[in-house]
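Common to both upcoming complexes is subunit A, partnered first by subunit B, then by subunit C.
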Partner chain A sequence: MANGKFRRDKHPVPHFLRGWILPALLLLLWWLAVKFQWSTSPLLVPLGKVWDTSVAQTRSGELRIALEASLRRDLIGFAIGVGGGLAFGIALGLSRLFERMIGPTFHTFKQISLFAWIPLLSVWFGLGDTAKVAFLSLAAFFPMVLNTFEGIRSVPGELIEAARVLKFNRRQWIFKLVLPAASPSILTGVHLAMVYAWLATLGAEYLLVSGKGIGNTMIDGRELFLMDLVLFGVIVVGLVGFSLTWLAARVERRLLAWRGHSVTLRS
Partner chain B sequence: MAQAGTLEIEHLSKSYPLKDGELAVLADLTLTIKPGEFVSIVGSSGCGKSTLLRLIVGLEEDYQGQVLLDGERIVGTSLQRGIVFQEHRLFPWLTAAENIELGLLNAELTPGQKRLVVREHIALVGLEGFEKSYPHQLSGGMAQRVAIARALVGKPEILLLDEPFGALDALTRAYLQEELQRIWQAEGITMILVTHDVEEAIYLGDKVVVMEPRPGRIRRIVPVALAHPRERTGPAFAEIKQLVLQEFAGSSSASLAEPPLRPQLSETAQFPQWQFAI
Partner chain C sequence: MAAQQIALGLSAPVSATSLPARRAWLRQWSPRWLALPFPLSLLLLWYVAARCGWVAPQILPSPQTVLLTFIDLVVSGEMLDNLKISLLRVLLGFGVGLTGGLLLGVSMGLSPVFKDYVYPLFKAFSQVPVLGWLPLLMMLVGIDEVLKIILISQAALVPIAINTCKGIENVPTRYVEVARVLKFSRWQLLWRVIFPAALPPIWNGVRYGFTHAWLALVVVELLASSEGLGYMIVYGRQLFQLDVVMAAVAVVGAVGYCLDRILARIEVMLLGSRRRGF
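Here is the complex of A and B:
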C-alpha cells in the first residue's frame, strides 16, 4: 500500500479490455480476408453483410418472433426441469427408502444420452412444442437432481451434530440445516440446468424441425445458403447464453454472500 | 437463571467394536460433579476425554454403567446439556445473532422475548456490534464466543466444553479463559472443560481430573482450593500445576512405551480433531 509503484499497471491495454484483444484480432482477420479476397468461396461473407442481416432481422420483427419462441420454450422447460429435479433430488437425498427404491432406476436412466430420448419423445409428443419442452425439461432435470442430492448428502457432520445437540425437529432439520447447507450445490444445479436447457433448446429445434425459433432461423440460413443469416443466429445464441450465465452468476453470488470467500476479486 | 444439575457418572465403560474384538475407550469411570461446579479434565490424546463429553451430551450411546443427571439416566441429546466444540460449528449462512437464536428454536418464548434473550447473551459474551456479522467475518475467538452464547442461550444445567480454546492463539485463549470464568460465575451453572492445557485446567477448575489412556480412566483428581480470580504466577498455583504435570508425565511416559501403531479410534475417525502434541 505504501509503495504506489508496486500496483502500477504497465500493460499498454487497460485490464478490462484485455479479453477483447483476441476477438478484435479475429474480426480484423475476417475483414482482411474479405478485403484482399483470400478466398472467393460464398462461405466467406463480408462483415457488413452480417450486420445488414442483423439489422433487417431485428427491424422486420423476425428476430423477436424467433427469440421469443425459443426463450419461452427454454423458460417453461427450465422451470419444469428445475422444479421436478429439486423435488426429486430432495426426496432422493432425504429418504434412504426412496433412494433404495428409485435410485438405481434413476442412475440407469441418467446414463442414457440426452439425444437418445429424441426418437421416443417425438413419437410420444409429436414434433411440436410439447416434445421440445419435454426434451429440454429432461435436460434441466438431471443436473438438478444430481446436484441437489449431492448437496443434501454432503451436509457437514459437524453441523449435523450441532443440530442434534440443539434438538432440531424434522422441519427445522430440513429448513434450517439441510437445505441451507445444500444451497451452494443446489444453485450449481440451477446454473447447470440453465446452461443445459439452453443447449437443449437449440438441439430440440435442430432435431425436431418445425415451428419457429432461433435454431430454425439458423437452419433456414443453412438451407438457403445464407451464411450471413447463420452467423447472425450464432451471435444471437452466444449472446443469450452469455446473458443467462451472467444472470446465474449474479444470483448465485447474491444468495451465497454468506460464504464470503466465493466473491471473486475484481483485480 | 437455570437450575444447575448434579451429574453422576458410575462405573462408566465404553468401547468401540473393531474387526477383531473391541477397543476399550473408557473403563470403569466414576465421578460426581456437584451443581455449579467447574470441573476440568486433562489427559493425553486418546484417553477418552472427548468420548466422555460426547456420552454426557448424548451424541454417543451404547455404554455400560450409568450417567445420571439429577438422578435420571441420560438418553440422547437434550437442551439441558449444552456443548461447545473445539471448532465453533456455527451455521455459516446465519449471522451471529441468528446462530445464537438457534439455541432458542424450541423454547417457549415469544419472538420478542427471544430477541431480548439473544441480545442479553450477545452482551454476555461481549459481541455488541457484531450481531449481523457472518461467521466468516468473525475471528476465531469471536466465533467461539458466539458458540458459547449459542450453547448458553437455552439455559442448560450443564455446559460441556470440548477443548474450546484449543485452536486459538495464546493471547485470545487467556482472554477467553477469563471471560469463561466470568460467565460461569454470572450464570452459576455446572461446567465441564476438557483440555490439553494444564494451566487452563487449573485456572478455571474447582478440581482437575487427570485421565490416563488405553483404556481411558481417572488417574487422579486434584482439587484446586484457590479463590477466583486466580493468579497464574502465584506459588500456590505453581504447586498445583507441578502436581498435575507429575501425574500427567507419569501416564504419558507409560503410554509412550506402547507401540505407536494402533487401530484408529472411531472417535477420531468421525470428525477431524486438531490436537496438540504433548
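Here is the complex of A and C:
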C-alpha cells in the first residue's frame, strides 16, 4: 500500500485535479466545436445557451412545476410500492404456506419486464396520474418484496434458536428478531425501489404522455428540436437521481448504525 | 459501494432456511399442487369476468381469446419474427455493453491513476438513468437501430463496469502477496489470482447488467420501433387489441426468464467448483 502511494505521488498531476481533467477537456472540445463551427447542425448548441435555458426554466417556475409533478408521483408510487412490498415480503418470508401458495405466481409475474406493464395499465387506468402511480408502485413493489423475503429467509439460525430459548411470542418474534435481522436486506430493497421508481417515473412520462413532469419537458424539447432544453433535462434528471441515491445511503447508514458495533467486533 | 450492494442484494442466493419447529411439517409435506389454487382461481375469475361481461372485452379480453391470438401469432410466424429481432438487438447491445464494461472496469480496477481520471466522469454519467439519455440520443442518432444498441449497451455497461472495478479492488491483498512470493509474472497474477478472485462480483455485475439490458430493450421498443416484441405491445395497444398485448407481454416475460436461467446455468459452470470448495 505504501509502495503504491509512493508511486502515485510521482505522477505529475495532483490527485484532486485528476477527476476534473476529462470533464474539462470535454467542455473545451464542445466550446471549440461551437467557436469554430465544426458542424452547422442545430444540435450543436453553445454552452452559454444551455446555461441561459437553465436559468430561464428555473426563473419562470417551469422547472419547479415539472419537478414537483414528477417527484410527487414518484413519492406516492414509491410509498405504495414499498408499503405493499414490505407487507407482502414479510408474509412471504414468515409463512411457508403463503409462500407455497402465492410465491410461484408472484415469481411468474416478476418475470414480466417492468415497462411491458405500461400499455396494459394505460388501458385499465387511463393515461392520467392513476396509471402512472400504479406503474410506479409496481416498479417499487417487486424489488421490495424480493429483498424483504430474502432478508427474512437469511436470518441466522443461531438467532432463531436464541429466540426460541427466550420463548418469544409472535410480536417479539417479528419486531425483536425478524425485522431487525432482515433490516439490511430490507433497506437494500428500499434503495432499489427508489432507483426503479425514479426510472419508472421517466418511463411513465415518456409512454403516458399527458400532464407535466420532467420527462415531458425532455420529450417536448426533443419534439421542438431544442437541444439546450433536453440537455438541461438530462442534468436535472441526473441531479435528482444523485440526490435520491445520496438520501437513501444516508438513511441506510443512520438506520443501520446500531449494527456497527457487532460487525466491527466480529471482524 | 451502493451499486455493488444492490447487485449483491439482487442475486444473492437465498440461504438455507431455518424455521420454527412447528412449521417443520410444512417443509417435509410440501406438495407442489399448493401453488396451483391461487393462479387457477385468478384464471377462473378472469374467465367468469369476461364470460359474464363484467368488463368490456376491449379492457380485458377473455383468456381463450388471448390463447387463440397467441397461437395465431405463433403459427403465422409473426411472433417468431419479432422475437428474433428483439433477441438480436438485446444480444448485440449486451455484447457491446459487456465488452465495454469489462474493459472499463478492469482498467479502473487495476490502475488507480486511470480510475482517478475516469471514475468521476463515469460516475456523473451513470447518475442519469438510461431513460434520461433517451431523448438526447434520439436527437443525436435518430430512432434507428443504432439508438437501440447504444441504449441497451449503456444499460448493461454501467453495472458491469462498477462491479468489475470493485471486485478487482476488493481482491484480498494477501492473495497478491502470495503471488509475489511465488514470483508470478504480471500475466499469471492477472489470470491466476486477480480474475478468479474477482469473478463472483464481476458475474453479479454481468447478471445485473443483463437484467438492465432486457429492461432497456423493452422500453426502447415501446418508444421507438417498428418491429420487435415491444412494438407488438404498442401496436396492439393502439388498436385496442389487448389480446395481442397480453400475448406479447407473456412472451417478453417467458424469454426474459429463459435468458436468466441460461445465465444462472453459466454461473453454476463458472462458480460451481468454487462453491463446492467451501
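The rule we apply is simple: the second predicted complex is superposed on the first by the 238 of 267 C-alpha atoms of A that agree within 3 Å, B and C clash if a C-alpha of one lies under 4 Å from a C-alpha of the other, contacts with A are read in each partner's own complex, and residues count from 1 in each chain.
The definition used in the following text is that contacts are C-beta pairs under 8 Å (C-beta built on N, C-alpha and C of every residue); 3 or more make two chains touch, one makes a residue touch a chain.
The structure presented is a predicted model; accordingly, all values stated were derived computationally and were not measured.
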item: Which of subunit B and subunit C A:Lys35 touches, first, second, both or neither; value: neither
item: Partner chain in contact with A:Gln111 - subunit B first, subunit C second, else both or neither; value: second
item: Subunit B versus subunit C as contact partner of A:Arg250, first or second or both or neither; value: neither
item: First (subunit B), second (subunit C), both or neither touched by A:Ser183; value: first
item: Touched partner set for A:Trp258, first subunit B, second subunit C, both or neither; value: first
item: Subunit B versus subunit C as contact partner of A:Arg164, first or second or both or neither; value: both
item: Superposition-derived comparison: subunit B or subunit C, residues of subunit A touched; value: C
item: Subunit B versus subunit C as contact partner of A:Gln172, first or second or both or neither; value: first
item: Shared subunit A contacts, counted only where both subunit B and subunit C touch the same residue; value: 157, 164
item: Sites on subunit B touched by subunit A in the complex; value: 57-59, 77-79, 81-83, 85, 87, 89, 91-94, 102-103, 105-106, 134, 136-137, 150, 154, 270-271
item: Residue numbers on subunit C that touch subunit A, as the complex places them; value: 2, 5-6, 9-10, 12, 14-15, 17-21, 23, 26-27, 30, 34-35, 37-39, 42, 58-60, 112-113, 116-121, 124, 127-136, 138-140, 173, 214-215, 217-219, 222-223, 230, 233-234, 236-237, 240, 242, 245-246, 248-250, 252-254, 256-257, 260
item: Subunit A to subunit B touching residues, read off their complex; value: 157-159, 161-162, 164-169, 172, 176-177, 180-181, 183, 258-261
item: Contact footprint of subunit C on subunit A as seen in their complex; value: 1, 4, 8, 11, 15, 18-23, 26, 43, 96-97, 100-105, 108-109, 111-120, 122-124, 143, 146-147, 149-150, 153-155, 157, 160, 164, 185, 188-189, 191-192, 195, 198-199, 202-203, 206-207, 215, 218-219, 221-222, 225, 227, 230-231, 233-234, 237-239, 241-242, 245, 248-249
